[in-house]
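Quick one: structure below, then a few questions.
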């Protein structure tokens, strides 16, 4: 799908933890229907940035604007309602709920809100969408790791977000599972979802991203198409290595 | 489907049967029944909040105390009727719960537990201080014409209301939000749940019920002493009964309260000189041999039969 | 000055109440609701030794220590370890240990009532001493000295010895501790036993100036829990600092405003600390 | 013969346990052993032994109510002894009334006697009322003031619990009316760990008299602090537990001249008899306040049963109302509000004994003297 | 050196591992490959003595059975384990983490020697000795975990997905480091998703599926096995 207008503006965003500046004056935009990769070395501030957009952390300075709406000082639940959904770097499923209920959880209180039969039907569709049909009654503990990741993704999609934040969603998958995972995200891209993707898997970055932002020590060091940034000497030095 | 179809008329029949207890029970059994209802209402409402959220609130004593104390104060010092005070007390407690809820929202886990534990102490002290310095009362007597039968019926009504509320909650968005919150608060926030409001709302509900129960049983005590109505032990007992019964099912706490009260009674009667000691031993045995509470045991028995 | 000295003395008392629980909760992960009863047990022992055999509390304190250590150790190995082993999560353990130690508290109260149901009142070193212009009771000074000695010993042990390092490691992460070859169960038992010992010793010292009866334990348990949480679970410095803060604040409020508001003030401080540092003064951020 | 069953609810643990253990339990033991030693109570021409049924309520009023119900309906006891504490007696009153048991309450100090006795005609009051207590204290202070031992400045503190609040509230009216100036008036919460700020604060106002409406642990703590601070007053008064032998046990001669709630007249012959018997059984002295009155309440019950010659509760209740009784306190009877106006209000430690220096309707053997330092 | 024989792990009714046998010796790197949920972690955790399930079968180190031992005895026997998620002491300093690594008796005498080895391998750990471990970045934490494991003077080092979440640069370094660790005479038993890189440095490998060993060979043979390529090397 062709990209549209910018919908998310991040302006001069910074985050300090005590003396440590985890994110330092970072600005970028995300276009509608775009998959934007956010990459960088360990500890460079990727998760911190994602956490600020989703409201888990309060920015020290800067602004985050979604479709003209200022999210900077908003609480996580308000941001979720405005249309930002996320997954977590370490999978967080709701252990005491069934598979279906886990997905419903995403569709009741967020951006698009449904309840009753409607949300059940919708959640069941999403389960099928991510490849979990027929598992809706199961306790989540019975799911394999990749299925848990799928489930988390379905939960994030259930609110029909404007922007989806995926923080190392592919981490921990083995190569064949990785192929499945990449295909799943690719199909979301086909649907025209707007996604910010944090990954260390270069294959995924290459095949999925329209555009990449590279940060190091909290500051932007490169931006452009995956090919461009991944051949940038600065990025190679700080992030990829020569291996 | 079958079970839920039976649930409504079943519950109604149970309620009707329970309402008749005062006609058949003598004083002793009635007073046990009153005790059971009191703890059942407290433990059930406690588990509406603490069950799904896993926040172990030890504030029952504080709100229960406010209920009893306000009734005593209003009737003794301001010539108010019992009914007026019994209506007012839960409102005050709910307001207080709202304030405390907001103030302690950032506390999680054990921090919340300890704060609520201290709450009864703090409220008792503040109340005593205010009374001492500004009201100067002469003993708070709650003299009404209500006897145990009336108290029993009122408590039964409260318990029934708590059950209806719990039943509704189980089907509502609020209840669902609460379950998500109890599983993972961060996830709850990020799927759009106003976790702060949800928690405070439920905390207020338990505060309301505890104060109402405190107000209703005040005539049973006749004389209200802060150090009796604001008892930390009550908070613990309620929690222990609820945990014993199991908090996953709405009827779980009731299944804890019943055997617990009876056990307590049996021990009091059989070991009049060492009641506390034997109770302690019984506690340990329960913890070791009933790790999942009475509902857990139930579940096991059912599973055992079906397999 | 007056306030500071009296406040610090009171803080010393609070430290005695809370240090043991901090070890038990911080390292062995047992929220010991029988903590106060153990303290009262220590006081009862001291009272009986003093009145029946004229043994000075300063001697009793050392007689009580090994006894408390041995029983606490046994209690942990026999009663609590099964709970620790079967608990799948920290929450489950918390619930189980609340229930179990609540039962133990009952057993201890019941036992003490059978031994001596009335007030434990005796007089030891109830003489005035002048400290920088403030009159204080010698027995409180002794207890303060005890608190200082115990916390110093504890601090050195935790930070200088191999076993102490292991204790801190278990406090931080029992799982990781197992992986570096620490016998977690033994270290937990050790921490629990030392905690019980400190609490019982505190009871002996406190009984020289506080009149107790078998049912008063719960008051000490509540205070101890508040101090431990305020200071940060598992951190000895935190418990001591929190104890001193509470002591000084309570004394200041009692002297300057109204003694009726001391507890309210204590809880306000507690709440403020938690609002601004939810993990306690020296606590660790939740992972 | 058939035993006469007597029920009692004990506070074995909890906040009320200490008072129960000091003032009630040993007297019940004494009385039962004495009565059964005689072969029992003389009813219907035969001696019927007394059989005691006891339950523990852990100081919890709800538990107490249940236990009383159980005694009444399951054990079907013939008579009930009264529980320790004002609140517990109030909570028990409806059940005593429902089953018609006479309730000869002792440790129950209130100003609501009129109203309570109207509601519960079976309820009797033996230890006095709040105002009576404060007036006794006022009269004692007056005597000391008349002697020139103290002036008008009174420092007053109270434990912020029902009992302390109530007494302090009455004192705030009674004492100024008698010309006293309350120069220090503070409350402190039950369970306060350090009372030195309270004593220091009181001392700073340079009072002539120090009055504390206190509970057992703080009675001890306040006294100890006063010794440490050398609070030099002509009158030093503490309330509950001042009369306990443990008080003298802890402080020895230092409390010479201390005033406190209660006290007994040690010169009375029946009192001496009672104390000797008590000592013979238990090997120690009873406390000097409610213990004797509780024993007296048992004697009242005993004499009423024998006097009515029946275990019919109504008859016994009527007998109590209509007659007077010879007890450890001397001869006592009840007025139209069921109140026995025979009680001591203030005692003073002297030579290791706690003698009454003020009372209502009872002889007082000694006059109060000024406290002269803490030695 | 490490002999695992018929090891079975069950969680309730679910058998995660069904009679697995494998060996690992000193100075070799053995890699275990398998899909998610195949039972790899269950295997390592059972050997390390921290399994949450019920374990049966045999595991022995130099002929000494490990089955009845608790985690701390197993470390003493000579097996060090870096679990998934690293399992470091987040609130202690880097240096304290390393010192705790030398807590086992077998490691105390050679503490200095091992420390030198670790510092030579990860110089950064010496530079950051006083930093609280939790505030280190993902890759640095991994160094702490491995360094700490080496401090216990192990014969066999077990690692569970050490490259998880590491940047390409750092995971490259990690694999190099593992080769260097092998040179110090330690045997490495490695569970990895990054099959290509791990087989590149390994001596031998095992394939595990649904709790069963389905293949075992030298690393180079596995690398060239078409079935392996299809399943684990993502050559699609």
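Should a chain be cited, it is by its letter among A, B, C, D and E, assigned in written order, with residues numbered from 1 in that chain.
The rule we apply is simple: a residue touches a chain if its C-beta (ideal position, glycine included) is under 8 Å from a C-beta of that chain, and two chains touch if they have at least 3 such contacts.
All of these numbers come straight from a predicted model, not from anything done at the bench.
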item: Distance in touch steps, counted as few as possible, from subunit A out to subunit E; value: 1
item: Chain labels contacting subunit B and also subunit D; value: C
item: Which of C-E and B-C has more C-beta pairs touching across its chains; value: B-C
item: Most remote chain, CA-based centroid, reference being subunit E; value: D
item: Distance from subunit B to subunit A - Cα centre to Cα centre, in angstrom; value: 43
item: Whole-Å gap separating subunit C and subunit D, where each centre is the average of the chain's CA atoms; value: 36
item: Rounded Å distance, subunit D centre to subunit E centre (Cα mean); value: 74
item: Distance between the centres, which are taken as Cα means, of subunit E and subunit B, whole angstrom; value: 51
item: Where subunit A touches two or more other chains, by residue; value: none
item: Junction residues of subunit C, two or more chains touched; value: 109-110, 113, 258, 260, 263
item: Contacts with two or more other chains, residues of subunit B listed in rising order; value: 125, 128-129, 132-133, 233, 273, 275-276
item: Contacting chain pairs - touch in the sense defined above; value: A-B, A-E, B-C, B-D, C-D, C-E
item: Subunit A-facing residues of subunit E, complex; value: 33-37, 85, 135-140, 161, 164-173, 193, 195-196, 230-234, 236
item: Residue ranges of subunit C in contact with subunit D within the complex; value: 2-3, 6, 9-10, 13-14, 51, 109-110, 113, 117-119, 121-123, 126-128, 135-137, 209-216, 219, 223, 247, 250-251, 254-255, 258-260, 262-263
item: Residue ranges of subunit B in contact with subunit C within the complex; value: 54, 56, 103-104, 106-111, 114-115, 117-119, 121-122, 125-126, 128-129, 132-133, 232-233, 236, 239-240, 243-244, 273-284, 286-288, 291
item: Parts of subunit A lying in touch with subunit B, wherever the complex brings them together; value: 54-56, 75-77, 80-81, 85-86, 88, 92, 94-97, 104-106, 108-111, 113, 115, 155, 159
item: For the subunit A and subunit E complex, residues of the former touching the latter; value: 20, 40-44, 89-90, 144-146, 168, 171-179, 200, 202-203, 238-241, 243
